[in-house]
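Notes follow once the structure below has been shown.
Chain nomenclature is as follows: A, B and C, assigned in order of appearance, with residue numbering initiated at 1 for each chain independently.
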Amino acid sequence: MFSAISEKSVAGCLTYLEAIREAQFRALTDDPRVFIYGQDIGNFGGAFKATKNLAAEFPGRVIDSPISEDAMVGLAVGAAIEGMRPIIEMQFADFSTVGFNQIVNQAATLFWRTNIPCPITIRLPCGGTSGSGPFHSQMLETIYAHYPGIVVMTPATVEDAYSMLLAAVAIDDPVIFCEHKLLYYHLKADKLPSEALPIGKARIAREGRDMTIVTYSAMVHEALAAADELASEGSEVEVVDLRTVKPLDTDTVMASVARTGRLLCVGEAWPWGGVTAEIIARVTSEGFGLLDAPPQRLNAKDTPVPSHPNLWAAHRPTARSIAAAARNVLRQ
Amino acid sequence: MKIPIIMPQLGESIAEATINSFLVKPGDTVAVDQDLVEVETNKATMTVASPCSGRIAEFSAKLNESYAVGAVLGHIEVSAEDAARLGLDTPAPAKAPTENGDAHSHQEKSHSTSKKGVQPTIRGLPVPANAAGASYMSPRMKARMAELGLQSADLAGIAGSGAAGRVTIQDFEKFISNLEQQKLTPASSMRVAVADAMRRSWTRPLATVALPVRFDAMLAHRKTSNPKPGPALYAIRALAIALAENSAPAGRLVGNKIVHPSSIDIGFAVEAEDGVLVPVITSADKLTLSQLVPRYDELVELARQRKLPLNATGASVATVTNFGTFGLTWATPIPLPEQTLVLGMGAARPVPGWDEAKKQFVPVMEGNLTLSFDHRVLDGGAAGRLLARVSQLLNAPAGL
Amino acid sequence: MIQTASKPQVGDDIASFRDNYLRAFRIMLLARAADDKFASLYRAGKIHGGVFLGRGQEAVSVSIGVALRKGDVFAPLIRDTAGRIAFNEPLLDMARTYLGSPLGPMRARDGNIHRGRPKDGQLPMISHLGAMIAVVNGILFARRLKGITNTVGVTCIGDGGTSTGAFHEALNQAAVEKLPLVLVIADNQYAYSTPTSRQFACKSLADRPAAYGVPVHVVDGTDLGACLKTLSKAVEQARAGHGPQVVVANLLRLCGHGEHDPANYIDEQLKNSPLGGDCIRLAEEKILQQHLANAGELMSWRNEAAQQIEEVVATVQREPAPDPFDEKWNALATEELVEGHETSD
């Protein structure tokens, strides 16, 4: 099997993608300042149908844009200056780099330069699916988290996809909302949540006493599958779902490492720098005395994402490779 | 063409050497194997010889500077055949500065200076190969041990379940919680202090020598003395006089310096409650035995009551311990951490001793004098000579 | 559709423009005096960072400010001192931003021409050329969503900036959305050291807007009267709902790219051609010719302008430098989401 997600048979009628659509519906309903701008999102409903029917229900507020990621984000910033709360849908995270300048130099600096907040939300469909290849698979939370002035969210559950998108629209700062494409249709829940952890707090997805795995987005599910495998071997692994990578909930991570003494960070992004590096940097500098073994990390291989499923399956961490890495950490 | 003069491998485990002097100068013609540079390592002075005949081009190394084995010290102008024979006929990388700028711009590596990977800095720290092995202590272990005031000696009994048998934090916490299920009595502060002192002292290489000594003269002198000096006081005086004659054995080694004692202050061990106290007789070389008796007796009493004043404790250059009072004939006491010597007196027993004059065995009172010492400061010979002198002094007790 | 404004001849009756013309002229004098002052402060080592002048561009720039109304939006670029003043940017803002006073609109966090007050409709530029156009689009787009329809947005760009992808995307976007944008291209023949022959292959930048379905207005950038007429017309067209308008003004840059640049690469022939005329000198000639003012008045206007700038600069030079310990070192508006995990401090 290529992924833990497709192995899941969660009974439920609401997918991760539907939760995102519900959140946008709710945002458009509750706040007249919200509009959505992106390619193919109007009558077509979006490449992934994240805005299905919304153009009809909210005429003039779900607008098709030309293929101009730079101008899309620039327009969102102007609209934000004018008091609106735009949501920009990038068709794939991989294309957001065409608008990179407007995100990191215009949107992210507006408040710092002018004291005027920039409440824009940019939705990025991230992450690999089987066959998606180098330009439809990227995880870009790292490059946006690096810049000051940006909030970066990486929801891993249906409930978080819903409540965190609502929170993103409500936050007065630019939010990069990383939705994982593999979770869109495969992850299901019974119903929408009525409450949620605050933004900036990580969630303990699974409790354990022998080691801690810190991860985010689709890798949470791979890590949980690995934890099940290790449980059958007698090791109890704690899995921490970061939920947002910036701000990063260092306190929860530190408390978990305090309990277990061993740390493995897992991410689907590339190895250099990144979320896994940032966590380990923080734990070693602020919690050195908590570690009973050297902390480790597991990321995708340092190449663009390959397209053939055989290659793709080896490129990113999977439940199997996470379990192997975890065993290494436990054996120290 | 020019080839480099390289710091050669000077001996096993030598990594670098310091330039002592240049034996030739640029422009000199030299023969193969002629000595070019004198260098000093921490073991010996050696020379760097010329790899072949030629003319010295320049030295890039500087006097009194250290260079690693393999470093380029300069260049020598040699014939093309010689260069080819040495495998150095491709131009070396332009490391050494030349007066008028080297025309060679290509940077091919020559065989003898080819490097495998990154070179460590000359004076850098050694890099541990692996964070594993039975004695590996994780940061968490160290933090917990610091918190609980433990030393690795305290953990000697834990078997490790981690990689290569190391003690994991789980092993440690299990050990601690198991301890709590056994009978625990508090260790007195005296016990803890002695434990700490002995542990610190033991970090040095300690050795012991023993000399059988006749105590007849001393015992006879004591019988006729009033007040009676304690047996240890005889040893204190004898040791003090011997050290006053030659204080080197009581010196301390700190780094590469010997710290000489400024005053012959001698301590003596008194058993008190849960441990040992060491009151000190200052300038023990300056007062006679009989002059010291009141002071000694007073200190013994105060020690037993744990009421020693500050000026009677503290630094001393040696300790005397009379383990003979426990009936022990020999022992290897451990000097205090700041001392180099501890002189021990074993119990005197009647044994046959050869009388050369009478050509027969006569009963004599014999006991062992032991000297336990920091072997970094003195060796067996010096220890033996000190004991011999102390023995000599003890056998002429009127002079003490 | 190309609409070219005809070049006014000597003897044309510009008295009907008299008030606007003189007001614009005096603003140009103020802008020139300000530019001269900051250039001299730069040479005296008193400025942190670069100084960018608008010498030669004052006529087209001031015309933008004159054509706009309160409530419109203006995103000036680097040579728009005159336009900014005409759109009511306080002189103190310019001085404070150049001199790094924490009392300025950018609070010493950004400098020189990167300044503005979005709430007053004047956007602070970022350095990436072309990026501001989409932001103006966004403001106009949002206003339309809110039902506000009689405002206009203007932004400027140079010949070099028209090569950027951002320019292309944003002009296209404005055209597709039919936004009331006026994009003023000041073709001053050079982008830093790059002549227009290395910047584009079409005969003139005026050829481009048609490809987007956007009308263009071409004007002689050295002629104040022509600029005032043209900008007024373009703004009016946009305000009336005819979609975006492009103005292409032809002139020559009469200074370096920045004051650090001696600009020895500028073609002497251009300097000596009509394109190289100084719009202020030409306007003065016209004023004298048309008896709109006499030489004495002109002299006193010049002096007043210089005096005004001196006072503003003197005021700001007495202000304290920013204190890093007073700074709030975070970039998020939402305080609870600010992390505290920097390594340094």
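Please note the rule applied: contacts are C-beta pairs under 8 Å (C-beta built on N, C-alpha and C of every residue); 3 or more make two chains touch, one makes a residue touch a chain.
For clarity, every value in this text was computed on a predicted model and none was experimentally measured.
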item	value
Identity of the chain that, by mean CA position, is farthest from subunit A	B
Pair of chains with maximal C-beta contact number	A-C
Subunit B-subunit C separation of Cα centroids, rounded to whole Å	79
Centroid distance [mean C-alpha coordinates] between subunit B and subunit A, Å	60
Distance between the centres, which are taken as Cα means, of subunit C and subunit A, whole angstrom	41
Subunit A partner contacts - residues on subunit B that touch it in the complex	131-132, 138-143, 162-163, 168-170
Subunit A-touching residues of subunit C, taken from the complex the two chains share	105-107, 109-110, 114, 116-119, 123-124, 126-128, 131-143, 145-146, 165-166, 169-170, 172-173, 176, 330-334, 336-339, 341, 343
Complex contacts: residues of subunit A adjacent to subunit C	35, 60-61, 65-66, 68-84, 86, 98, 101-102, 105-106, 108-109, 111-118, 148-149, 151, 171-173, 198-200, 246-248, 250, 282, 285
Complex interface listing, subunit A residues touching subunit B	261, 288-294, 331-332
